[in-house]
Amino acid sequence: MSAAAGSGTNHLPTIAVEGLTGCAGELLVILENLDKLLPFVRVVRFPFAQSKNEGGAVDITFVEGSVSQKHDLEKLKRIRANTRWLVAVGNCAVWGCVQKGALCKCKAAEMIEAVYGSAASSIAAEAMDAAPLDSHVAVDVKLSGCPINASQFLAVTASLLRDHLPYIVSKPVCLECKLRENPCVLIEDNLPCLGPVTAAGCGALCPSMGAACYGCFGPCEEPQIGAMTTILKEKGYEMEEVLGRLTAFGAVIPMGEKWQK
Amino acid sequence: MLSPTYFLPKERFPDFLNALKSLGQVFAPVKVSKQSYSFKAVEKASEIAFEALRTILPPKKFFYPQSETLVKFEDGEIKECIEEPVFKVIFGVHPCDLAGLGIMDTIFEDSPGDTHYLRKRRTSMIIGLSCMPDKHCFCQSMGTDCPEKGYDVFLTDIEDGYFIEGKSSQGQKLLADAFADKVLERAREAHKDRYKRFWLDRSEAFETGFKVDNLRSTMDLEWENPVWEELGDRCLSCGNCTPVCPTCYCFDLVDVAALSSKQDGSGDAERRREWDSCQFVGFAKVAGDYNFRPGPVDRLKFWYRHKLHGFDDAYGFKTCVGCGRCTVSCPSGIDDIVKVVNILQVARQEKDEGQPK
Amino acid sequence: MIPGKTPYLSVKGTIRSIVPMAQDNYLFDFTERTGSLSGCRPGQFVELWVPGVGECPISVCSGRVSESIQLMVRRAGRVTSALFNMSEGDSVGLRGPYGQGFPMEAFKGRDLVMVAGGLGVAPIRSVWQYALDHREEFGRLVLIYGMRHTNDILFRQEFKFLLRRRDIDIFIAAEEVVGPALPPIAMQLGRVTDLLRQAEISSDSCVAVCGPPVMYKYVIDVLKERNVDEANIHLSLERHMKCGIGKCGHCFIGGKFNCKAGPVFALPEIKHVPEAIECDAASLQGGLE
Amino acid sequence: MAEIKKSTIVIPEVTRVEGHSAVTVDILDGKVENVKLDVFEGTRYFEKIVVGHKYDEMAHLTSRICAICSTGHVLASIFAIENLLGYKADEKTTLLRELMHLGMIIESHATHLCALVLPDFLGVEDLISFADKHKEEFALWTFLRTLGNDVQYMVGGRSFHPVNLHVFKLSSHPSGEALNVMAHRLKDAREKALYLAQVFLDLKLPAIPSFEPEYLALDYDSPTYGYFGTRVKSSKSWLRSIEEYRDYLGEYPVAYSHAKKSGNAAQPFMVGAIARLRFHSEKLGREARQLFLSSELAKGSCNTMLNNLAQSIELVEAVYRAQAICETLLQIEEDEKASPGEARNENETNIDRLLDKLPGAAVGAVECPRGTLYHYYDLDEKGVVRAADLITPSAQNTQRIESDIRNTVEARIAEVEDGARQALLQADLETLVRAYDPCNTCATHAVSIRVAKR
């Protein structure tokens, strides 16, 4: 990999970590795993974690958060222009997460009105409908998760440092769940487990603890939403609730449109 | 010459378990939730769930783990990953699972033999255990209801004790030693009578099943039966039916790259296999995004066909052993093989009858 | 018995040369010192490993494999892209040869028709190279090669020489002109099926076919029009493949592992297998017929 | 006519804090005219996001407000709903929730203190030099945050955005073995926590002229220093139920910032570690209490910079308390083994009856690392959220931060125009903002003071 921003003696590839609108979850995961990366990279930008931050070209930029305001968009465009690999990290950046899920129910302006009241207008001028990065710029790699799984993050970085595209599974959570030999909470406890339509990566965290998957990793490849809805309805969940759960983490927007009615 | 048979009174079971433990770590079904069991390491007889019919995962997991590294690339060289297996004793394997292991053996033994599986398999002892079918068991239909091969020792529950047969030489040696240690008795006529009665009663106990002789042609003739679309509409493509199957062997091979400062790609890496499922969208996709099985219906039909006659040609057997795991672990209730086969057979029969003589 | 070595172990192949053939199609020549690939037959394939990225099945496209083995690779995804980033002297892992290949022995003494569509020309090349090396053992040789765009043509240099030979009839066509007006070799506008109708094909010919999944059905129809015996039609099927040795299940179709029993099948073996040669209507739009 | 001078101090992005924020100070004719803490973290309207969702979804939805305090949000939402339904969790559940919360306190305080604050005092600006030149501090941080994370991982299944905490219960309990290992790790961590507190006890603090604000913190009956409660205590000696939070907090949105501000304009109040220690220092364990007594905090100093020290004392307490909880849980497990068969899940069977209390509304609160967090929910008869109100500690502190900045600039107004000393003032302002550990989900050293003439 070319050390695009390589300055002087330091030939290590460069990385940057940036946040748009999110909860800083990925920033935290990356911060916590930085000691493993430091021998192999030079961190040129990471405002969450350090004060001396450089501008200019970078090899890999990890971006957390959704585009939810004009400020985010300007920043994202700057990032795109300066990085070779743009990696969307986290459900916010890949799917839009909860703030995008909420758009199924009402528009951003309505929400601002409701939350900020009289001060709404100045905020509304800045705000945009929350959207994942790829609705605005080209994204090279998408690593979902809320938050991302640390070992997946390290594997993705390892691939990119070799200049290879990483392999990211988009099989359903059920696979990991069965590999861990968990009793199925959807079958045994009638919990509204979204494992069948959610992308694996977490290691089937929730079902392994006896709880229902609530879809925080975003949808798997071609989620069978129709079948999922049918099954949950048969278990006595009301349509309204099922749609609420399916859309909560921002992913399954087509279903959300039905919810808007 | 027939090998000797033994009797183990139930109160002596802990001693028998100790004999097993002296060979290696013992794994047996353990209750893990209201209705599920799992093969886990056990220390005491009280931990064993003797009533367990089907565990969530079949015993294949011991020889073909969910994830294992096959080959690695280290210091610029391609190297084999050989792991020295530790001896395992798997206790409580029912006839359907024994048949399942037999099928796995065939696949992995077929040339070129799979070293990784075979090494682990040969470093183990399988202790079979009799069972009484529940409403989902249909091993009788599949012809896998009697233990034939793939085990070392088999225990038949005859109320106050177990009637024990040794199959392999390591199994017979275990029994001979246990007999010498007075853990086992020689089986007497009364035991043998009860043993026979057990198996007769058991064969009467099946609540469900179908005829297999026409399965192949039925599957082909009913390939367009409307039932497939109905099932497909309910299919989650979650893949739950395959990891739980004693004969599903499909895997994905993935590379795991180590973080490396070598930017020319010569850094260390591992090649790992992980269980995969034919129910996932990308399973049969080839370059150019052409997918041979694009929809849930296509994948579900493929699965049914594979289970019910897929290996007829390749190996001369069917790959369903009738354990009922897929039926109980499908969140959608569409992997009810017995029900589906019955629907297909009825439809076929109607056509046969409708045909002019 | 338990074999000594894991069957997933590859040997090291070093890139000797890389020749760009058409956009996103490069011909790689590897040296392999252990000689484990030297028994390779036309139509067989190897598993190529770029460590840290993955493996993919690639057909051997040279009729003779000794010290070196040639692979024609199209950049399709992760592994192939990683390979494209490599240069001469770099190494990859290779294991094989796998699969049954074309039954060259059975073809001997008969007319041989070779039908290639797109990248399918790679394994077919090993067939014609073999046949030309053993020219006297075959009857008439007919080579039919179709592609989508004129500038997709692979082995252009080789075709220049082949076209001059009298002992092989060659028909090449593209569906559309893209790039330089027409390449400097005899090329028509049309489809593989059009060429098949032009060519003189005796009903007792043997046929070797390789191309995109959508092509097979139409090729078979034309061959049947020509009264070619089904048993003499051999098709190389592409399937998603991981292990190459009949374990991983990805390429399993209708009771057979494509990697072991195939990838080359005689038509009667797969005719009634669902999915084997059908194709869905959607992918036909703008397709071959 | 005399020239009117207008200058502005701008900290465009405060680094090493969670979230994105900027500080602007307008100075007109030698007087501070305006102070703005501008949080430009994108709007996420959580109060609207949660509407239409079921009560049991609140924990994982609101946890996404903030990664560092996610456990706090999870617990506040659970408490609100349990308060509404009149449900009291059993002892084991309560202890595990407290353990989880302490994990967050350890992790959050350690990260704030070691990784975000210490670099100011060590004089390092980037992570690599921090990791390189101050191995010991860097290792200390790694050790403590990993410990906090692992506690949360053990109880919650994830070090943040936990998946195991639900209304009424935990979906699974950590094994005895895990608790045992954790108890030992916590014991080994005591020394490190004490060392860190000593570092902060010994620090010389920059002069920030703070004035005594009104301190607010949760009040509770438990005999140990804690973070959960349903009453609020004020340094103005009043005590009220959290249900009345609107009366005493008064929240209003500000046009220039996306984080709402709380407080009474005339009298800003402060929440967080200093406030908690003021009210509950007598409940601290021996070691933490000794540290407290030997500090300025015990003398009632209101210097904001002491918030760092206060957090370090809490960290010590948290390590001790978490260990004690692990041991208690192990004891409970022993007792359960001794007398099995006692139905533990009697609560579960009553959920339907509990839901009969719906519709209704209630408040839940927890003391997060940065102060009191309130969640208010109004549920309809099916348990679906009709309205919500979520008030974070940072929102409550905003006004006080602004007034601290104002006071500091006013006291050091000469420095504004003095090139050499200006940089120092800016750096101190940033350190000040950071001392609050504001969780705007962030603040750069590139503080600039622009002097405009008109």
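All chains are identified by letter, namely A, B, C and D, in their written order; residue positions are counted from 1 within each chain.
In this section, a residue touches a chain if its C-beta (ideal position, glycine included) is under 8 Å from a C-beta of that chain, and two chains touch if they have at least 3 such contacts.
Bear in mind that the values here come from a model prediction, so they are computed numbers and not experimental data.
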{"item": "For chain A paired with chain D, centre-to-centre distance based on mean C-alpha positions, whole Å", "value": "25"}
{"item": "Chain centre separation in whole Å, for chain D relative to chain B (CA means)", "value": "52"}
{"item": "Euclidean distance of C-alpha centroids - chain A vs chain B, Å", "value": "38"}
{"item": "Distance between chain centroids, defined by C-alpha means - chain C, chain D (Å)", "value": "65"}
{"item": "Shared-contact residues (touching 2 or more other chains) in chain B", "value": "254-255, 257-258, 265, 267, 276, 282"}
{"item": "Interface hub residues of chain C, defined as touching at least two other chains", "value": "50, 52-54, 77, 82, 85"}
{"item": "Touch-based graph of the chains, sorted into line, ring, star, complete or other", "value": "other"}
{"item": "Chains grouped in pairs wherever the two touch, ordered by label", "value": "A-B, A-C, A-D, B-C"}
{"item": "Chain C partner contacts - residues on chain B that touch it in the complex", "value": "70-71, 73, 77-78, 80-82, 107-108, 110, 112-116, 118-119, 122, 220, 223, 248-255, 257-258, 264-269, 271, 273, 276, 278, 282-288, 290, 292-294, 298, 301-302, 305-306, 309-314"}
{"item": "Chain B-touching residues of chain C, taken from the complex the two chains share", "value": "1-12, 49-55, 74, 76-77, 82, 85-86, 90, 93, 212-214, 238-240, 242-243, 245-250, 252-257, 261, 272, 274-275, 280, 283"}
{"item": "Chain A-facing residues of chain C, complex", "value": "50, 52-54, 77-78, 81-82, 85"}
{"item": "In the complex, chain A residues that touch chain B", "value": "1, 12-13, 36-37, 39-40, 154-155, 157-159, 161-164, 167, 170-172, 174-175, 178-179, 181-184, 186-188, 193, 195-197, 221-222, 224, 226-228, 230-231"}
{"item": "Residue ranges of chain B touching chain A (in the complex, touch as defined)", "value": "32-36, 38, 56-57, 61, 66-67, 233-240, 243-244, 254-263, 265, 267, 274-277, 280-282, 296, 328-329, 331-332"}
